[in-house]
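Next come the structures, one after another.
Two complexes follow with subunit A in common, the first pairing it with subunit B and the second with subunit C.
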Partner chain A sequence: MTRILGVLGLLAVLYAGLWLSSESGLSGRSLTSLANDQGRYGVVTLGAALVIITGGIDLSVGAVVGCAAVLFGTLTRDGLHPYPAALAVLLFGAGVGLANGLLVTRLKLQPFLVTLCGMFVFRGAARLVGTVVDQSQVTEAHPEFAGAMNALTYVLVGKDEKGALVFPAMFAWLLALAAAVGFFLHRTAYGRYWYAIGYNEQAARYAGVNVDRHRTVVYVVCSALAALGGLLLFLDSSTVQADSAGAGQELNAILGAVLGGCSLRGGEGTAVGMVLGAMVLPAIEKLVTFVGMGNRVIPVVIGLTLLIGTIVDELIRRRSRLRG
Partner chain B sequence: MPTPRLEVTAARKQFPGVLALDGVSLILAPGEVLAVVGENGAGKSTLMKVVAGVYRPDAGEVRLDGRPVRFAGPADATAAGVSLIHQELNLAENLSVADNLFLGRERTTAGPLRVLNRRATAAAARDLLARVGLPADRAGRRVEALPPGEKQLVEVARALGLDVRVLIMDEPTSSLTQRETETLYGVIAGLKAAGVSVLYISHRLAEVRRCADRVLVLRDGRNAGELTGAEVTHDNMVRLMVGRDLNRFYPRVHRSGAGAAVLEVRGLRYAGGPDTPASFEVRAGEVLGMAGLVGAGRTELSEAVFGVRRVTAGEVRLGGEPLRVRSPADAVAAGVLLVPEDRRLHGLVLEAGVGFNLSLPNHDRLGSVLGVRPRAEAELHRTWIDRLRVRTPSAARPVGLLSGGNQQKVVYGKWLARGPRVLILDEPTRGVDVGAKAEIYGLIDELAGRGVGVWMITSDMEELLGMADRVAVMHEGRVAGELAGPALTEEAVMRLATGGAAA
Partner chain C sequence: MSRLSRALLPVALAAGLAAVPACNKPASGRIKVGVVTNCADPFWDLCEAGANKAAKDFDVDLQFRQPEALDVSRQTPIINSFVEQGVKGIAVSVINPKGQKKDLTRVAAEVPLLTMDNDADPDTGRLCYVGVDNKAAGRAVGRLVKRALPPEKGGVIAMFIGSDISANGGARIQGVLDELATPDANGADATRTFNGRDVKGKMYGRYFLVDGEAKTDGGPDKNPQQYPVTMLERLEGVPDVCLVGLYAYNPPAILSAVRANKLVGKVKIVGFDENPVTLKAITAGEIEGTVVQDPYNYGYKSVEILAAVARGDKSKLLTQPLPYQVVTKDGGPDQTADGLTIKFPKAADYAELVRGQFASIGKSAGE
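And then the complex of A and B:
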């Protein structure tokens, strides 16, 4: 609970900063576009956070985002209808997660190493699939896909055929997915098993929990959500590059999860916290642009924010431990 | 009277919500072994930590060789000659024994480079190891490769290297075999002869009787009494500890003879196990005790039956039907349940609540895919917290914050809620205070009375002889023999456990 209060406070400060720094006042439009960015971040964060709750880590998330984005663009450009292409991309993600999960559980490899390798493999794979893909390439090659592409973009991203943002659909999707994650995490036996595995995998195994299966499932969910993030990225942008699409997203997702109260030791975290944690980074980016500091400052600001957050969190913990 | 080596007068220590020490006093002469016993929560650990400089008392005085001391911390106490050997060992597992013996005061060359002097270290390490009866070749081994008993002796050796005057041992034998325990007694006798004073904390009253000159009993943070010489009996200690008589400490109220074999283990071998197959059976309604030295393969055998270790040959039958177990999940589904030796590592999710742990293996009964039914869950928590008298303010309390006895009751509770056919108990009362022990023994008796087959692995001889209807003794991976009735004696068990033939 105190951890959620911390991230709430941080968000309050960030939104207050946005309010004060925008000369024309905080417009509904910029809030909506911020929310949409937060949605896209958040979808990926949910999966990464689930893996962290079970005591694992997934560093391949960003590469899967990029690979999925490029894959979707290339598949549709080469003539696959957008709907089956979207499904194929999600299945690709699930397949990556299955591979990660099996490598971690069956061969007992360390998640950090397995997914670090995946990070290189899928970034490279994205380059092999295609270096740059434009939305316009797709619609020029296959004008008959325009309707389906527009429909997907409207439903998933909330933009109309002219590319104008109508409603923050990605944020809505984040809330819907977070509700689903929250239901499983907090209301079903699966969530109990995930927490138990994260706290003490051995105790969970000795209690008769099928630890390997649950850990694998969580990797599948994580990578599938990353693939969804890639799909959103493609639909949201006019162009994606294999080198940069989703780059660093794995760390952003981990950061969001930790800000939202997940412990890297596993066993801790809530669905609400994940959403709030995922909202922080886009808000910082927006604030930095508003203040006019330029994009180069963003990493510094993010790093310092997290560091200060960690220090404050640790101090609060020590204090409560002394009291308790 | 000569100056006492150590004198604690009216020590008082208040923690938030708990008065851990309420005016405890003790006197320890040079070369004396004073055992401190008491239930968990009686204040033993706090007293030891006050003496060892971990805590500062709120009131009262600690004198060392007549001079009042106020240690700033454990390092300060160590420098003054007071060393504490923790129940949970404080060794760097990845370093060698010699490195551990001199950790923090390495033998090095002079000058800022501090290059390790390997030869001097090795020589000094051999010397210390000899004093605790360990072979010299242990010096170069990594600590993690040693059996638990030898690790304990390494801790003692490290304290000896510090020119210890007061050695505090907290449950030193909890992970030792019978033979290692004997070695430890020898070491303690040697320390006594050298004038070292020893404070010895143990739950095992038989040991206390063997090695202590005097016994101090604590109850609720106060001195409950002191026993010397012939007064040091099991009954006297228990009476002072709990403040009442414990009649029928090892009850046989519910058991009414064994039925048919419920668990049959035939020619079982498992991955990483010995070449010798193990065979035995557990009958419905009996407590089968399993004895053996540490390392005889008892825990490993139970883990193979429970699905933690892969079975490579032989078979297990449950109620006459072949039982195929590939993981603990299979064993749990079949009703073969394990209370593991290390409850903190395998038995409980310490950070999670009492209720979380009680629910963990029972979710198949608490709801469907569509979620856990809160009312059924609350009912389960209430039932087992009440029935096992788990002392916890709420079901949400993290189980790691409870005492050892209450933690162990939670482990039993999560299995009793499932209803076992076979209950495997690996060291069923390790680190559990006397009061909770009595309750657990009552529970075991009741379960056996209801027809559960209880397979009880224990290194505690009193527990074995007190609780078991029949005893299987393991030696080097196989069941060396079975004992029951008049043949079941401590000597017979030890003879089989050490490789001798049954009489």
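And then the complex of A and C:
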């Protein structure tokens, strides 16, 4: 509980800032759209956080988000029905995670390097698959897909056929997925294994935990969630571009996870913290727009937030050590 | 609450407050308008300077945002935030007119929307377009190419641009090619041998367009310099080469590559827009010339129109494109084309003007 107080305080300040910045800062419409953005960020953050809990890192998630978004657009534009295309995109994500996991566990390669290479590979793959895809290309090429695209968009993103946001579906999906992650992390043996692997991999091995298998599973989950993030990005945005879709998302996801209480050293983190951590960055982005802050200030604000999150993390860690 | 938590919360509060340096809950009755560009670039700093001036002149609050990348998914949330804030008008430089049509139609139904620099489909319900006729401006670029490499002899050209799906990108490219083309050589497939390797392309008049298309680089954040660098490597030793940069950051990127290869003067450069580096290089004779849009005026006009519309006055809506200008080292007399007066300022004079515009927003021209 102590670990999420910092991020809770930060969120409280950001929402207060929104309220102060504009008469409509905390309107239902504004909060709904913010929640939806937080949902999309959060889905990707959940996966990145799980990898971090097991002591790993995944720098490829942003590229996988972009590649999945372009892949879904291209598959549907080229004639694959949106439902199987969505499934194919999730399988693509799972496949990426399996490859990452096997490279890390079987070849004993550093997760940082494996996923950094993945970042280049999947960004390049996105460019190979298609440069720019948008929903109008899909519905123009296949008018019969319009109904399915609208249904997917409504269920996954919460937007109607005109593109108006009806309800924050992506936030609802985040909560549902976070509940599932929380159940696994906090109520099953799998969660205990994952914490144990992150806290002390060697000790976990001696305790009989199949470290390689669990690590691989976590990478699969992470990349599948990143692919889901890509699918959400395509359905939420009118256009996705191969060279920029999801760019930087890996760092945003890591930021969200760390702010939410995950330690980059592994072995720590909660599902609630992941959700709260993922809510920070979209709230900052919304706030800087409402305040009318220049674009150049935004990276500074993000950097300061990350720094403060790190300071909070370190102080709490020291406190725990003193108590222990 | 523990002592540590109490100590940490002020840190978090400080962070939040740092993010809110100037809470500007608008006073009731004050009109607020929003301008969003297609990416971040000095070109848009000039636009911001003009928009700021107009906001002062016409007594409105202005939010001016430059998305960090040439990417619809970065631009759309900003537009949505403007709508949520209840702004009374939005100006947007559209990135993908086709892909954004649905979103822009939804926004235009709710808030007065105009396009600048890059137009949208008029069916979106946008009020008007603030910008030059990009095809005509592209033809002006073509004339600069002809000046650098006379049409009787022709030459080898390569074009660089951020995007060819945007309305302005496609129109500029087409304008250049239309100007260079002749009835018998208008996009005909051709192959040339450079350094022992066959290179495919297309002929426009006597000009061979390498690869038969403009090279798109995705925006200023995508290392645009790599494209002219690679092109110069492919064209090593080839005479009569002209590289054309059609987005503001392209001419400086080309210039950098040409300088690095010690080809200044040998490889001709023709630009677009008024990047200070481009203007300085024209004065120095390193770049042939550039066609400028006057983004300061885009910002000024956009805010002026939005302010007027917010007050119920639609008389300011533009019915025809704004005139472009052609900047060269020595300048020239005004000309009239399509009912517009086209100016031909000297690069040094125009650079001085741009310097003043940058200074008005506390920035140096960064030459």
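Going forward, the second predicted complex is superposed on the first by the 307 of 324 C-alpha atoms of A that agree within 3 Å, B and C clash if a C-alpha of one lies under 4 Å from a C-alpha of the other, contacts with A are read in each partner's own complex, and residues count from 1 in each chain.
Convention: a residue touches a chain if its C-beta (ideal position, glycine included) is under 8 Å from a C-beta of that chain, and two chains touch if they have at least 3 such contacts.
What you are looking at is a predicted structure, and each value in this text was computed from that prediction instead of being measured.
Superposition of the two complexes onto subunit A shows subunit B and subunit C fitting side by side, with no clash. Judged by the touch definition given at the top, the superposed model places A:R187 against subunit B, while subunit C stays out of reach.
Applying the stated contact rule after C-alpha superposition, one finds that A:S136 touches subunit C and leaves subunit B untouched. The superposition of the two structures on chain A yields an angle of 130 degrees at the Cα centre of subunit A, opening toward subunit B and subunit C, reported in steps of 10. Look at A:Y199: by the touch rule set out above, it reaches subunit B but stays clear of subunit C. Contacts of A:A226 after superposition: neither subunit B nor subunit C is touched. Of the two partner chains placed by superposition, A:I57 touches none, neither subunit B nor subunit C.
Touching more residues of subunit A than its counterpart among subunit B and subunit C is C.
Contact with subunit B, but none with subunit C, is seen for A:V209 once the two complexes are overlaid on the shared chain. Contacts of A:G267 after superposition on the shared chain: subunit B is touched, whereas subunit C is not. Once both structures are overlaid on their shared chain A, subunit B and subunit C have a minimum Cα-Cα separation of 17 Å.
Put simply, subunit A uses no single residue to touch subunit B in one complex and subunit C in the other.
Across the complex, subunit A is touched by residues 16, 306, 308, 327-329, 331-333, 338, 340, 345-352, 356, 359-361, 363-364, 366-367, 369-372, 414 of subunit B. Contact residues of subunit C toward subunit A in the complex are 1-2, 4-5, 8-9, 11-26, 40, 61-74, 76-78, 80-82, 84-86, 95-96, 98-103, 105-106, 165, 216, 218-219, 221-222. Looking at the complex, you find that subunit A touches subunit B at residues 183, 187-189, 192-193, 195-196, 199-200, 202-210, 267, 323-324.
Residue ranges on subunit A touching subunit C, taken from their complex, read 2, 5-7, 9-10, 12-14, 16-17, 20-25, 27, 29-30, 33, 37, 131-132, 134-137, 162-164, 233, 236-241, 243-245, 247, 284-296, 298-299, 301, 304-305, 308, 311-312, 315-316, 319.
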